[in-house]
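One chain, chain A, appears in both complexes that follow, with chain B as partner in the first and chain C in the second.
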Partner chain A sequence: MKQKPLRERRQEPPQESAGQLIWLVGAVLLATLPHAPFVHPWIPLMVVAISASRLWLAFNRKRLPSAWLRVPLTLLAFTGILLTYRQISGVDAGSSLLLVMVAMKLLETRGHRDRAIVVFICYFLLFAAFLREQAPWAPFYLAIAVLAATTALLQTARRDQPIRAGRALWLAGRIVLQAVPLMILLFVLFPRVPGPFWSLPQRGGQATTGLSDSMSPGDITELALSDKVAFRVRFDDDIPRGASLYWRGPVLAQFNGRSWSMRARSYLPGLVDKVDRNGDSITYDITLEPNNQHWLLALETPVYWSAQRSTLTSTFALASFSPLDRRLSYTATSIVSGTTPGNMPDRARAADTYLPDGSNPRTRDWARMLRSRHETDRGFLSAILDTFRNQPYFYTLTPGVLGAQSVDEFLFSTREGFCGHYASAFAVLARAVGIPARVVTGYQGGELNPLGNYWIVRQSDAHAWVEVWLDGRWERIDPTAAVAPERIEWGMDVAIDRGSVGGAAALRGSAFAEQLLLSWDAVNTAWNRWVLAFGPDSQTDLLSRIGIPEPSTRHLILALTIGMALCLAWIWWLQQQRQAPRRDALAGLYRLLCQRTARAARPRRPDEGPTEYARAIAARRPDLATEVQRLFGAYARLRYDGPADSRRVARFREQVRAFRPAATPPADSPA
Partner chain B sequence: MVAVLRNTATRWGERARAWAAKRQGIDPQRLELESRRVYILPTRAGLIFAVIVFTMLLGAMNYNNNMGFALTFLLTGIGIVSIHHCHHNLTGLLLQAVAASPVFAGDDLRFRFTLENPGRDARWQLKLGWDGGPTQVTELEPGERSTVNVPLPTQQRGRIKLPRVRVSTQFPLGLFQAWSWINMDLHGLAYPQPAARASGSSTGAPGRHDRGRDTAGDDDYSGMRDWREGDPPRRIAWKVMARTGQKLISEYEGGAPMPRWIDWDSEPTGDDEERVSRLARRVLDADEGGWEYGLRMPGGQVAPGVGPDHRHRCLELLALHGQRDTDA
Partner chain C sequence: MTDSVARIADHDRLAKARGKAERVVSRVGEIVLGKDREIRLAVSCLLAQGHLLIEDLPGVGKTLLARSLAAALGLDYRRIQFTSDLLPADVIGVSVFDQTANAFHFHPGPLFAQLVLADEVNRATPKAQSALLEAMEEHQVTADGKTYDLPEPFFVIATQNPTYQVGTFPLPESQLDRFLMRIGLGYPAPELERKLLRGDNRRGLLADVEPVISVEDIAELQAAARSVHLADALLDYAQALINQTRDAPELEFGLSPRAAVDLLSVARCWAMLEGHRGVRPEDLKAVFGPVVGHRIKGRDQYAGRDAETLAEAILDSVPVP
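And then the complex of A and B:
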């Protein structure tokens, strides 16, 4: 064993060594990087400049800047943030503040605690980055950045020179790795509470696209140009044909002559129980992108849905009580074989056939004329569809501008429109002859991602159709299907000229790029589905799957405690293994050897060395002398001649095991 | 306010120390730091860390941000794991104290502690020092042993008990501090500070660092005799020894026959400390002079003799004069 030179008393150096600082600066830069594209460029530039000058100061053994420089600099930076963002809340302004703080703290790292605080701010910066983006690669970046920051923390905890990089990474990496099981345990079992405690700051007032509570001519066109994903669907078993994928959103039953809007939402308790469940049902999982609206999309007619804090409105649309400001996953079951028959009270009939006085007079006249030519309502409605199909009506994303009598203008002069125009016109025509009708908006179709076996429904799949009351039940009629059947069968890309959509949709045209995009979307979806969408519901679901039927917070805490205890015991055991004295095979063999000679002659005295003891045994038991001398000699050589190689130890082990002296000397031997 | 807090903290600290001392008892001179005697608490940085992680948790819950949860829980895990690592940085450490050799009051008693790492992991940033005093840092590779000198300043003569020793570490992350208190029944001895030379001392002998040997009464060389235990080494006839291998002592007239007694009663003036101090000076001078001398004190006496052991016995008797456990 080496003897270290005596160390003299010394004080903690006032500043850290440059080596420790490199780690610190590295951690700061890694924490800054994810913010760099989002905050104003001067902020990351400032962080880099201050880091560089701090390193320069350390390498040239210069003094740190005094408070006379630091305080004005900090105030200046804070003023800069105020001028840039005009606020201090919000993710961008908040992370800018943190970046300024970490840079300024870097200029006054005097003691261990200052340096530790720099690392803590780095951790917080990483956290802030996730408020902005949680991409599938985030965990990898998280792992790297946390490892670097933890290593920096470990280096700062030392008083003088840093530990060698590889060794320090191993020390910190071991801690991080051992923390991973605890993290997973906490992630899965920590009781999740639904709902925000305080209102969420909106990021820069960005409007989110999505369905709205009203529809004017041309509204859906905006959506159709958006390539953003609205939601993703995974079906439990058979995937229905594209034609029947009508995802119902807001139901618009109120018409003012130009635009359709929603009635005040009304909820009928027990409505869901009245649905006839004898038809074909289909179950699917939906992951809805946040859209700040209330609508949960579902196929007609939902009878089960797992989303909490939501209900079925009287128009059989699913609505959430609070706006969807985050991604939401839910499972739903719908009866798809048709709606439930019922009766319509007179008041409801009056409301659903209402048209404002004097609106669209030509349309109403024409409707009455057409109705008189047909015997049944059904015949009348299919005559309208025939008209759309056979007359020169066009399906386009760029219809002409419509005035106050929008339906008149559309039907009799412009004759070109989008799904919204056709739905609106059809509903007005039906109402004109007293058939209750309403416009339903939602999404239709979608794109199958064969890699993940799920459907991607984009904003461009937004659609509008009509429901009419026929034979005592609501029936879906899609007038767009008459004019542009390919829109329904193949989706938007086929229905309209590709060039006019452009962008990502055009890119989707190339087979290879499409494959790539679909793969990336599959990864993203798996990530969203399994990690990001994990919440109170999925927690409950998971626990009931592993045999805790109705998990309460108490169950969670109990499971968490047990799991943590197991984890900690494991880590304790690991550490115990590493810190325990080395098991010394040779010492064990020597003990065994001495036990055997003790029986044959006398025990070894604690102060006796192997040579001495062997001589004593040999004197007492001359019959064993040769063997004893040989064994003890071998032990002494193994023990004291430098490091013993394992083969020699193995041979010694065999010899010791084979050595079984009799307790008493043989009778014929000289005593 | 701060003072009140500090007082409370001190009071609690005292209680904790008393409690620890009671459950640990007196420690042997060589001991292993078992886990039951290694205590651990968060440092101030650790508390800040906890606050930050808790803030993150609130944020993650509010935004229902799963990556935020992941980071929060990873940091929680890192904090918890670092408790183990910090604790294990100390447990299993072997510590042995080496008694300090006596010094004169006013000098530092130099206690030595040998730390040994029997484990397979290096131990980093081990701080050792008297409880509440400055610490020294040492680091041990697996199997390595290192000695730390811990000086203990002395002011008064007498037997000085080894203060409570504190071994601590904040490694790896500085979020926690693990420590162990060690109460060993080990003493150091501070000799009385000798009085200044020639203040009425009758000998007029040279200083104790002076290696000259011409002292009055030693002049007349009278031959050689065999070496006996206690003979001053500078009287060994080294040249003869080098030639013949025999250890002989040069005999001088006037040294051997009349042992001198250094007597408490011969220093009647001044208080006890001054008298002890003057007697210590006379012991040193006599020792320097190579004379045979004895010491008579009210509590006991040392029979005449020579040599370092003899000198030690005399100084020890002086050091312990008037102190309760004069078991010398």
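And then the complex of A and C:
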């Protein structure tokens, strides 16, 4: 008996070749990497360890572990996940589960099916990676990973005919590239559902950065050290000079002697109507980084904003109803006449001039003394600013620690502070003489990125200033401007030597690095603006611009379904065209004939010709011999002996249809 | 209408040709017992105007097959015994100075025959081998700057000892490619061997063999073979087979286009002998191993495997449409 290596391979696939396995393991590792920083470290370690041992087993021609090892190991891993996360749903636990599954599956890749499962879990992991990382480089990484996974799939799919790695890679590249137009089409047309459908439950315990609802001395200093981007702004028209860019956040009107905090928020939806709209207006787009807080930054005083589920508070700050756990883009229009409207009933006046009894006595005495020297409130206030300006007060990131009477200590002993200290002191001084005052926190200034023509506002631009009630309006006064005018004019980097801060801030020293950082930020911003922010509104907008007004989700789904069906039909038609010469009537009849003989005796091996097969059937079923020989002979003549005329094909069709052999030979005939 | 008339005419011609070819096969079969398949392959090879390489152990009947073919076909037969000291001139012929004519006169060598048996071709040095192989390709020889045409038809049946035997110069791949087909004969079946042991000297029978067809008949048979139909489905199959030799990881290299053309022309002759009007997959499969075997080479762990096995594996891995 001669050996038939190729046929053996087809019937019982042997272990994959080393190359195949390397691609498969590579695909698994590439799919694991995006999740590695987010899941508990033991999970990626386990994936790497199992991948390495799988390769070791293959290269040393060892047997794969038996079920006795695999099943307990799997159960152990599942228990580990349960113990780590106390659940098996959610992004972290879910991806951990997938990671463990794909690693365990690697240990039992015996056949094509197992390898295909590994690849499909890889695809799913890569898809889930978008929940982790949506930076502009992420699609490129994922494209590479998908390429590797597809290569591995192609290598395992060609069972009877192994495919070289280079060729598989080339094919996979073509497949991935061919998918790109479809991807873009789906990106544009796939129905976007507004609301929480897209947002998965957030990973808990995420650190919050940004402005908080209260301010103690030194709080803003922490922010000033952070180079993280708070938000980006693009102005529709002229870009105002940095000096007027006061981005209002939470308004802190409650003072306890040491720290400022917010009053319980009251939402006044009708407030917008009270704004005098005759002032200069400015419109801008803000893309806010997620910070798990409620504040939507805006210039004073916002009269229009596009963010949903948000409101204007009584202090004219914009607040979202839910914490900002995703990047949010909105357009806002502000009236920039420099003051914030409001009204001041007596009760409110009492609250806004309240100072706790016995707090900061020296400050209050000094304020009363100073007020008595000036005729007007305004004169008094500018005298305070003059004091800050002319006396030895210092603007520093590292002020001394302040005790309970923080303002007293700041004004009369340490004399050095950050914007928060000055704002706090100024507001206390104003309140001490009965002028309603409050601290406003937010951001001031920002960095213009000329490449994308937008402003980057970082956490280090966090600022605090004061609003005082003068002449029936809230008026902004920035005491920091008196101490360190360069901070307001040029930003934080100029005001304070931050060489010691290190990190990206230090990098920003060199012009080239600065250019690089700005370019990268511009790419990021364009990505956020054009890709990530493509939500239901942008979709409707785009579609109506190309002539599909008011597309409803239902219409989109319908259109997509029809489009998909057409695509599939087209692919099917192409396939048909390609196989047309083989799928003619004669081929169909031959298949039918083979099906019938397959039931009666055995199926035709793919490599058997008609005559050979007929002979084999005849040997097995002597009762059918004549009939089978005649039919297969007729087929061979029609198929191979020159052009078949249709009458003979028709006769052959009748014969085939009439041929219905019994599944088992009749009892009296020799089997 | 004319089409079907032409087809019927073709049919007749094919049937007649088949009858004649069958007579050759059965006549040779009377002398070389139990080797029906090999005889048919050899006849197909000659009808396809190719040269035949028989590779087997000494004494299994290689020479007998060649001589009986020559006798049955009525061809003028010469034999060249290749040895390690054979010179090209011993094959081609030499120019001898004729004193009376005062000129060189060419004495044709044993190559000038219609059927040449090159016995144990791999015992000669490459130089002598290439003299033969060049003649096979060109159907002419060149000696002292003059070109001499070889007789038509011109067939070479070369025999070769298995290359592992001592004192052999294996033919390089490029020269093996010049042989249309390589066959082995193998030991006879036991009952036939018994007949052989009991019976007459087979060589003695050769003297009695009369040609069953003429040289003109051979040309006619060759033309008839060329009229055997090649259906699209068959060409698809043939191409799939050829591509498989190029893609299969077991093989060092795939078949050349020349090999592909050879494959189909032999398959046509085989189909004609089988009485088929068109080449069927089975015809192709029957000649695939002999035509392809000496032109492929196993790679890596398949290197030691014999060519027939590899060819078989290729056949097994390609579905018949």
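In the analysis below, the second predicted complex is superposed on the first by the 384 of 671 C-alpha atoms of A that agree within 3 Å, B and C clash if a C-alpha of one lies under 4 Å from a C-alpha of the other, contacts with A are read in each partner's own complex, and residues count from 1 in each chain.
Criterion: contacts are C-beta pairs under 8 Å (C-beta built on N, C-alpha and C of every residue); 3 or more make two chains touch, one makes a residue touch a chain.
Every value quoted in this text rests on a predicted model; they were computed, and no experiment measured them.
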I'd like to know which partner A:T156 touches here: chain B for first, chain C for second, both or neither. first
For A:E608, is the partner it touches chain B (first), chain C (second), both, or none of the two (neither)? second
In the superposed arrangement, which partner chain does A:V180 touch: chain B (first), chain C (second), both, or neither? first
Look at A:L558 in the shared chain and tell me whether it touches chain B only, chain C only, both, or neither; answer first, second, both or neither. neither
With both complexes superposed on chain A, which partner does A:F534 reach: first (chain B), second (chain C), both or neither? first
Any idea whether chain B or chain C touches more of chain A? B
Which partner does A:A636 reach: the first (chain B), the second (chain C), both, or neither? second
With the two complexes superposed on chain A, say which partner A:L142 touches: chain B (first), chain C (second), both, or neither. first
Chain A residues contacting chain B in one complex and chain C in the other 2-4, 6-7, 10, 581-582
As the complex stands, chain A meets chain C at residues 2-7, 10, 160-162, 581-582, 587, 606-612, 636-637, 639-642
Residues of chain A that touch chain B when the two form their complex: 1-4, 6-7, 9-11, 112-113, 116-117, 120, 123-124, 126-127, 130-131, 134, 138-139, 142, 146, 150, 153-154, 156-159, 163, 171-172, 175-176, 178-183, 186-187, 190, 192-194, 196-198, 200, 326, 531-535, 564, 568, 571-572, 575-582
Spell out the residues on chain B that touch chain A in their complex, using ranges where they run on. 44-45, 48-49, 52, 55-56, 58-78, 80-82, 84-85, 87-88, 91-92, 116, 118-121, 124-125, 134, 136-138, 142-149, 151, 170-174
Interfacial residue positions of chain C with respect to chain A in the complex: 7, 229, 231-234, 236, 244, 247-250, 276-282, 285, 302, 305, 308-309, 312-321
